[in-house]
Amino acid sequence: MNFDIGIWIAAFLTLGIMSFLYKDNPWYKISEAIFIGLSAGYWFVSLFWQNLVSKLWDNLWPALDALFTRGEFTGGLLYLIAGILGLMMLMRLVPQIGWISRWPLALVVGATAGLQFINYLVSNGVIQVYNTITPLFGPVSEAGGIAPVTDVWHGLGNALILVGTFTGLVYFFFSKEHKGFFGGAARVGTWFLMITFGASFGYTVMSRMSLLIGRLDFLVNTWITGIFT
Amino acid sequence: MKHSASSTFAFLFLFLIFTGVLFAQDEPIDSAMVDSVATAVEEMVPVNPPKPAQLDIVQDNPGDAGSSIHVSWILSPDDGAGDNDVTSYIIYRSESPTGPFEAVGSASRGLVEFEDATTTDGIEYYYYVETVAGDDSARSSISRPIKSSAQWFSTKDIDTFIIGLMISLSVIFFIFAAQKGKELYLRKIAGLEAVDEAIGRATEMGRPILFIPGILDMDDVQTVAGITILGRIAKTIANYDTKLNMPVSRSIVMTTARETVKQAYVAAGRPEGYSDDMVHYLTDEQFGYVAAVDGIMVREKPATCFYLGAFFAESLIMAETGNSIGAIQIAGTAMPAQLPFFVAACDYTLIGEELFAASAYLSGEPKQLGSLKGQDIGKMIAMAAILIGCGLFTVASITNSESLLSLANTFRSIFSAS
Amino acid sequence: MGFWDKMLAIDRRWIFLFVGLSLLIPMSLGIETKLSISPETAGLFDVYENLPPGSKVLMSFDYDPPSAPELQPMADAAVKYAFMHDLKLIIMGLWPQGPLQAEISIQRALDSPELKDKEVEYGVDYVNLGFQAGNEFVIQRMGSDFREAFAMDIRGNRYEDIPILKNVKNFSNIDFAFNFSAGYPGTVEWVQVAVDRYDVVLGAGNTAVQAPLAYPYLGAGQLVGLLGGMRGGAEFEVATGFSAKATVFMLSQTFAHAIVILFIIVGNVAYAITGRGKSKLEADR
């Protein structure tokens, strides 16, 4: 029998979490508590070494060393600003001066928003509009990279994309009440959304089954097989 | 003539060496050896080199941040035609027209351009392209000197800039309008009407309300929207004196949420009802967090659960557990992958942008209202562009009109983002 | 209570039991099902297959152990194929555990019988640059200079001392990028920054949850191919010729899906026959 303590602990915790499927019980509570505590500790250590030490300290220390020992100003000193901003963020834990943390938060939010504005506008907006502009039918010669619509199914596909995209946008238009023609288009958009959600849900069921397969593979082929070998 | 003994000995020695060389050959020189020598000679000298590609354009890449030179060439006549034996092109670079040149990249046959993104701005470079056909190759002429440099603007992104500017200006316009007191219309959002009733249900049943603000940090706009709605919900909770339980997975979210809930209790005139324990941190780890939330649900049995923010795989676990305990569930997220689960398992779902609309609707804040209206302009641009573009292409194909097709392509190219 | 009422009120633990059995029984049979390769996988494999030996492939491992059952099979196949065909791998991760998952793939490839006699040298044939915090900002920095994002590799070697990185400054020196993604940051960020700004040729493997988000990019040509979930991994294993766990598990997957479909049909029929259910608020009133 292969007695690897790590495998047995993993199996104990896996089965403990899975026991929740039957009902809440002390075994699940123990596994849950271990998981929460361990993950909190793991992330603390991971963030400390991979962010604080390797990103801040390892860049700042050589610059400080060069400054104090040789009087040189190097680019690494810019990380002082990052360090100060990080300390300001921690001021959130002190109620009297918690407002100080708004400055670094504003910087992070602003920088992320600025970068993501362009990314999402281009990749998720402009390029998607570009690819939605297609002919619905007709033997158009291949121009601008659009394949000619040579059969009715191709045209129907293009029409579906057009209708789905347009009515989806109508559904999310908040400046007009959903009444009359507009309301009808919004309703069609809702149907397209629900069909999309259904397809996405199906894909996710596959994902969950795959993850369960992974765990069962561990239990059967690693733990139980290890008992008998 | 008299010879010395040493010269005689030297002559004999040389004679022996010559004789030895003759007899040391174990095989006569034959035709096979001649052939292999000929082959070796052949391999040294290209017998049938490909026709070289000709340099076309070598220039600094326009509209970039520097360190990049664009090299293009006209295909070798033996690429896809002629001997059709070209396999690749190798691009060489030097800081002097006389070399030494080093290879900086390659391109497969059929390709006519290469971006050299390893240049140093301000240094003059010379390029040539080597056409390769198996073991043979041929060079193009050497280019004139080129320097790379950075530009302030990328003119090829002008279309994207204009579209972004139009949306940004409309957002700013509507924010100013809202700040001046103009009433901005927002359509009704299903699910929001159920919020008060859901809170009332929890009060009547004497059971707590669970609020989950997602698992991302305060830099995510969905978390901000969730916390904004929390402010409104917390005020109602304070008025009804219902218990609130809000476990979070980010420390900054915890402190922000505590401030929000505290302010809500103060605004409702019930500051003594607030306690820091209402909002508590669990863990950053995704599944550790949801395991703990499931435990809370099963043990405390909240009557109402709110899931408003950014979620990932844990969404279905929470929603299903909430369903199993019979709680009313109102969810809202802009994560497309999680919406199906909330739609299936929750009673009301704010889909995508409805979460931000709800946040704007409930808070009445001018910036949020103005942003929402400005985004509607963006949607109008997209809808109009799609309809016009598809219409143009469809009519062009029916009428077979070249001019209309050209117009349609020009219109479509506005959105090519390249 | 009629039959359909009972079906609507069925204890969920029966469903768990049926699903569990539908996964366990086929798993114990160990049968490999015959798989067809979808156009999404074929598109990616076509590009990967046509990379000439010596091509530089950037592999970004953006997932952690919880997503390993879905993404590890495709990663294993991709790494093994690269080693077999002399593709040079530059490995990195935007998730902390990603590069460690890459080490698992590398070790499995090097331990496989096909690579037993092949010399694969660290620093020459592959390098692991490790994890870098910063999400899409890291990709942005890599666009100008990889060294700004990764001064050292996972073993502490300096970037300039690593032979495989000798002429690699930024994305223009990469022939193909392969991203294994379980969420954020992942394929979406790689498309938005690397593809749309720096014209990187990108193929992606996603968990099945993330895959629907990537389909618009596939349709727009921003991705050359997409592997979705364990099924995508199984298809890629078949395409590369290294059938492994994902291919074997497809039978379990199929049975589980069949059980779920059956319950959905029964549930919907019961829902329709018994009349529309009330919302909890309506029931309370």
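Which chain is which? They are A, B and C, in the order written, and residues in each are numbered from 1.
Just so it is clear, a residue touches a chain if its C-beta (ideal position, glycine included) is under 8 Å from a C-beta of that chain, and two chains touch if they have at least 3 such contacts.
Fair warning: this is a prediction, and the values are worked out from it, not measured in the lab.
S.K.: Name the graph shape formed by the protein chains and their touching pairs; answer line, ring, star, complete or other.
M.R.: Per interface graph, the chains form a complete graph.
S.K.: Between B-C and A-B, name the chain pair that shares the greater number of C-beta pairs in contact.
M.R.: A-B
S.K.: Just give me the whole-number Å value for how far the CA centre of subunit B lies from that of subunit C.
M.R.: Going by mean C-alpha positions, subunit B sits 17 Å from subunit C.
S.K.: What is the distance in Å between the mean C-alpha positions of subunit A and subunit B?
M.R.: 13
S.K.: Multi-chain contacts in subunit B: which residues touch at least two other chains?
M.R.: In subunit B, residues 287, 313, 336-337, 417 touch at least two other chains, as defined above.
S.K.: Return the residues of subunit C touching two or more other chains; collapse runs of consecutive numbers into ranges.
M.R.: 66, 196, 209, 212
S.K.: Quick check on subunit A: which residues sit in contact with 2+ other chains?
M.R.: In subunit A, 122, 127, 130, 200, 204, 207 touch at least two other chains.
S.K.: Could you please specify the touching residues of subunit C with respect to subunit B in the complex?
M.R.: By the definition above, subunit C touches subunit B via 12, 52, 66, 144, 167, 169-173, 183-184, 196, 209-210, 212-213, 279-281, 284.
S.K.: Can you list the subunit C residues touching subunit A in their complex?
M.R.: Within the complex, subunit C contacts subunit A at residues 13, 16, 19-20, 23-24, 27-28, 66-70, 96, 131, 133, 136-137, 140, 188-189, 191-193, 195-196, 207-209, 211-212, 216-217, 219-222, 228-231, 245, 249, 252-253, 256-257, 260.
S.K.: Under the touch definition given earlier, write down the residues of subunit B that touch subunit C in their complex.
M.R.: 65, 67-68, 104-105, 108, 115-118, 194, 197-198, 201, 286-287, 312-313, 324, 326, 328, 336-337, 347, 417
S.K.: Going by the contact rule set out above, which residues of subunit A touch subunit C in the complex?
M.R.: Counting only subunit A, the residues touching subunit C are 21-22, 46, 50-51, 55, 115-116, 119-120, 122-124, 127-128, 130-131, 196, 199-200, 203-207, 209-217, 220.
S.K.: Write out the stretch or stretches of subunit B touching subunit A in their complex.
M.R.: The touching residues are 159-160, 163-164, 167, 185-188, 218-219, 221, 252, 255, 259, 282-285, 287-289, 291-292, 294-295, 298-299, 313, 316, 336-337, 339-341, 343-344, 351-354, 357, 372-373, 376, 378-380, 382-383, 385-387, 389-390, 393-394, 396-398, 405, 408-409, 411-413, 415-417.
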